[in-house]
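Pasting the structures in now, so scroll down.
Next, two complexes with chain A in common: one pairs it with chain B, the other with chain C.
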Partner chain A sequence: MGERILAVRGLKTHYYIGGRVIKAVDGLDFDLERGETLGIVGESGCGKSTAALSVMGLISLRAGRVVGGQVLFKGKSLLALPGEEMRRIRGSEMSMIFQEPMTSLNPVLTIGRQVSEVFMVHKGMSRREALDEAVKILSQVGIPAPGQMIREYPHRLSGGMRQRAMIAMAIACGPDVLIADEPTSELDVTVQDQVLRLLRELKERIGMAMVLITHDLGVVAETVQNVLVMYAGRAVEYSDVSGLFNEPMHPYTKGLIASVPGLGKAGEKLGGIKGEPPSPLDLPGGCRFHPRCEHAREICRIHEPELVRVGDGRLCACHLYNDW
Partner chain B sequence: MENAWSRFLKNKPAMAGLFLVTVIALAAVFAPYITRYQPTEQLIWTEGSKVQLVPPCSRFWFGTDIYGRDMFSRVVYGARASLLIGTASTAISLLIGITLGALAGYYGGVVDDIISWLANVFFAFPFILFVLALVAYLPPGLPLMYAAIGIVNWAGVARLVRGQVLSVREKEYVEAAEALGGSGARIIIRHILPNIMAPVLVQATLGMGGIIMLESSLSFLGFGIQPPTPSWGYEIAQGRQYLLTGAWWWSAFPGMAIMALVMGFNLLGDGLRDLLDPRNDDAYGWWGRG
Partner chain C sequence: MAIYTIKRLLAAVPVVIGVIAVVFILTSIVPGDPARLIAGKTADPETIQRIREELGLNRPLWEQFTDFFKGVLTFDLGRSYRNNRPVTQVIMERLPLTAKLAVSSTALAVVTGVSLGVVSAVKKDSMLDHGGRVLALLGISAPSFWIGLMVVLLFCVKLRWIPGTGTGDGGWLYLVLPVITLGMRPAAFITRLTRSGMLEVLEQDYIQTAWAKGLPGRAVVLGHALKNAMIPVATVAGTCMAEMMGGAIVVEQFFSLPGVGRLGLEAILARDFPVIRGQVLLLALVFVAVNLLVDLTYPLFDPRIKYGGKRRHE
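Entry: the complex of A and B
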């Protein structure tokens, strides 16, 4: 067991829209060790991105609030930090990259200005020094001719190059934790692969821990060590990656894996999960998955299962395993 | 860049507007070189009553007034007052409006409530009466005019900027900038404002016409520029008494000057709006590559 760098405990983030409460994240726990790569998977709307934004302290922007729980980063409670201190951590010790490289770069500023800004904000460099650093960091993320690239505007770059520029900005200060929210979903498959390889390389070189948020189990399989499966705002299973694919425990995880072509046995009919994920406005009582679960029993309708240890370092929140 | 420009050059009304504004601005700047007489020079003291109310002729292009002053000179110098007040008041209203509008849009909540309430108060106020009250109460003078008109106009700018900031604030690149640790001020100034300058520029240009009208109205009523400094609105008021006796030029030329300048700014503003319309593919390029 390495040193724990990030611990999330009972995190609850709710949005308030039109007087109604949307429980996007509702009691989430996970740990991250130094240098670990953790994948967070789940369907759209299960609270993956909200969880990431909560950890980064970026929720207040979106009409939402972290209403409970704790985020401990290097032993400091982030939720209790004053805004200014949190701002200094963001982008230097803890960084985040976003899903859409098309829209996460400012269209009216050159790449050079945007990348150099990180150095000016966190290292107090002058614009000239920062631009020199920007060229260096751009070449580290595999952008060709970075000296020219710093004068270009984002619309002149391909999606892959833009995502590389985003990554350059995020890792510029050598963060301890990088949260990547669907970093490759918008990219072509071949470019996806390059970007994932780059992320793995950088992770090794900088020695940072990475949280990779994705709905793509293929990306999970080739990139991460441990996986957290989320459903309706909570973790339902935590496992190392081989355990998860070889022997999924939670019925939801089983359904997810069965629904991916090529991961099950060849020639087998694709499985799936019947029904829709529940509306976060109106979560079912008991186990949140029970309306869609073929193993659901009486207890599943009444009691919400806890995330409990079910094997070697594995956790699962399901009554099936509580009883056994 | 070439694309945007060539589209602008093809926009005939916008070019006409640009032409009017440019000609009047150049005339104002080079006034001493294109006029034969000082605007305040009363020729009756040297030449007697034969230079009173002279109709337009080769010597006095726009005629003379009752004091034997060259109306061409007074109209040309009058452009200085109008343009000065137009730009200075616009600058003041932009400064206040952009600052408060951006704060309201970015921070929302109570900040937004207070600023929006204040803007609504200003909107509900009768425009001209408010300026009249300010100008009448305080000693008259140019700086007071800038300030009074600028203060009245900030609310429109603030409302526009607030709306624009609200929409840009939700963009991923703003979130990304926040995730990288940018402070509120830095994000507003470096990431948000450059993205909303196009509509603000259009509004400022269109607002110039209104401000020039306002200055003329105030001067007409005697609360604006104080004589003997030439001002179009004041000239119209003075010449009004002689209109029916046949000396139409005293009021008519300043009136046409106001019309030309206001129309110029309006045409130019409309043209810029078309040019910078986000539905035109090159809208960003115009700013981005500036």
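Entry: the complex of A and C
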């Protein structure tokens, strides 16, 4: 067991929209060890991004509020930190990259300015020094001719290059944790591969831990060590990556894996999950997956299953495994 | 960009011709005969006829129109009916004061409008925001003569800080109240524009990125958001300045400032057609020039906007 760097306990993040409460994240637990890569998977709207923004202390940007739980980062309780201290952690010790490289860079500021300000804010460098550092970091993420690139505006870069620039900003201060929220979903498949390879490489070089949020199980399979499967705001399964693919336990995980072409057995009919994810405004009682579950029993409608140990380092929240 | 500028200037020619044509038609159909006004109430019909011929008012409108345009090309706008001085000279005398008024009012409007708009957007739905919005609504709705009265009442009568009227020795002090009065409406307008622009920009993904980088709030708002919200502000500031350059009739009259606006008013009352035409021509030219200048500043705010030149390569 390595050193635990990030621990999320019972995280609850709700949105308040028009007087209604949307429980986007509703009691989430996970741990991250130094140098580990954890994948968080689930359908759109299951609370993956909300969880990430809550950990970063940015959920207020989306009119959401963390209403319960704890986020422990290197032993510090982030949710209790004063805003100014949290700001100093953001972008230096813990940073985040986003899904849309097209819109995540400021269109009216040069790449150099956007990368160098991280050094100016967190390392107190002068503009000159920071720009020199920006050139170095841009070349580290594989951007060609970084000396010229710092004078360019984002619209002159391709999607892949922009995502590299985003990554450069995120890793500039050598963070302990990088949260990547769907970093490759908007990119072409070939570029996706390059960016994932770059992330793996940087992770090794810097020794940072990474949380990779994605709905793409293919990305998970080739990038992460451990996987957390989320459904309707909660974790339903946690496993190492090979265990998850070889022997998925939760019916939802099984459905997810069956629905990806090529991951199941050859010649097998493509499976799936019937029904729609529940509306966060109207979550079903008991197990949140029971209306879509083939194995649903009486107890599933009444009691919400706990996330319990079901094997070697594996966790699952399902009544099927209660008598494990 | 040079090609773009030339194209825009050429496109302005029909605009200016059209504006002058409309003024010609309007001045010819308004009641009141300049010759009669010049000759005085007791003049006999022969004298009036003689004056009409001297001024060329007996000639067909079409001829007067083409003559005027020939004059425009040689910077000769004719002579004032009232004192026989060249119109260009009369206007140039009045222009510096109006220009001072226009530039300082616009500067005041941009500075206060942008600051209030930013504060309002950042503190959305706070008391400050609500207060600012009420003030902005007031500034847009209140007529300038009323605002003029109120500032005179406040600064001259109650506080006794500033003299009420006159240009004195041309000192800036006398411009303070007219500038406040004139700047109020554009300031209010820019406040609203900045607020709505900033609210939209602050929702963008790149602002989320800026927060995620750990930038302090001031750097996010002023460094990342503001520039993105500035294009409509530049447009409005330009239009306001152009309007004021043509003369702020009410405010110049109210504060007895001898600017272009008052000149225009005097000319209209005296049916001094050459001066009216000259003033309208000036207004049209200033509008064209300021709008072009504003458009040329857009690339400073948004590098994705580029005029002519090499096409960007993707």
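Couple of notes before you dig in:
Quick note on the criterion: the second predicted complex is superposed on the first by the 323 of 324 C-alpha atoms of A that agree within 3 Å, B and C clash if a C-alpha of one lies under 4 Å from a C-alpha of the other, contacts with A are read in each partner's own complex, and residues count from 1 in each chain.
We take it that a contact is a pair of C-beta atoms (placed from the backbone, for glycine too) under 8 Å apart; a residue touches a chain by one contact, two chains touch by 3 or more.
Keep in mind that what you see is a predicted model, and the values were worked out from it rather than measured.
Per the definitions stated earlier, placing chain B and chain C onto a shared chain A by superposition produces a clash between them.
Of the two partner chains placed by superposition, A:His319 touches none, neither chain B nor chain C. When both complexes are overlaid on chain A, the residue A:Arg162 reaches neither chain B nor chain C. Look at A:Arg234: by the touch rule set out above, it reaches neither chain B nor chain C.
In the superposition on chain A, A:Ile89 contacts both chain B and chain C. Applying the stated contact rule after C-alpha superposition, one finds that A:Val121 touches each of chain B and chain C. Within chain A, the residues touching chain B in one complex and chain C in the other are 56, 58, 61, 87-92, 95-96, 98, 100, 103-109, 117-118, 121-122, 153, 155, 166, 169-170.
Contact residues of chain A toward chain C in the complex are 56, 58, 61, 87-92, 95-96, 98, 100, 103-109, 117-118, 121-122, 153, 155-156, 158, 166, 169-170. Considering their complex, residues 56, 58, 61, 87-92, 95-100, 103-109, 113, 117-118, 121-122, 153, 155, 166, 169-170 of chain A touch chain B.
Residues 169, 171-183, 186, 190-191, 194-195, 284, 287-289 of chain B are the ones touching chain A in the complex.
On the side of chain C, the complex with chain A involves touching residues 204-216, 219, 223-224, 227-228, 301-304, 312-314.
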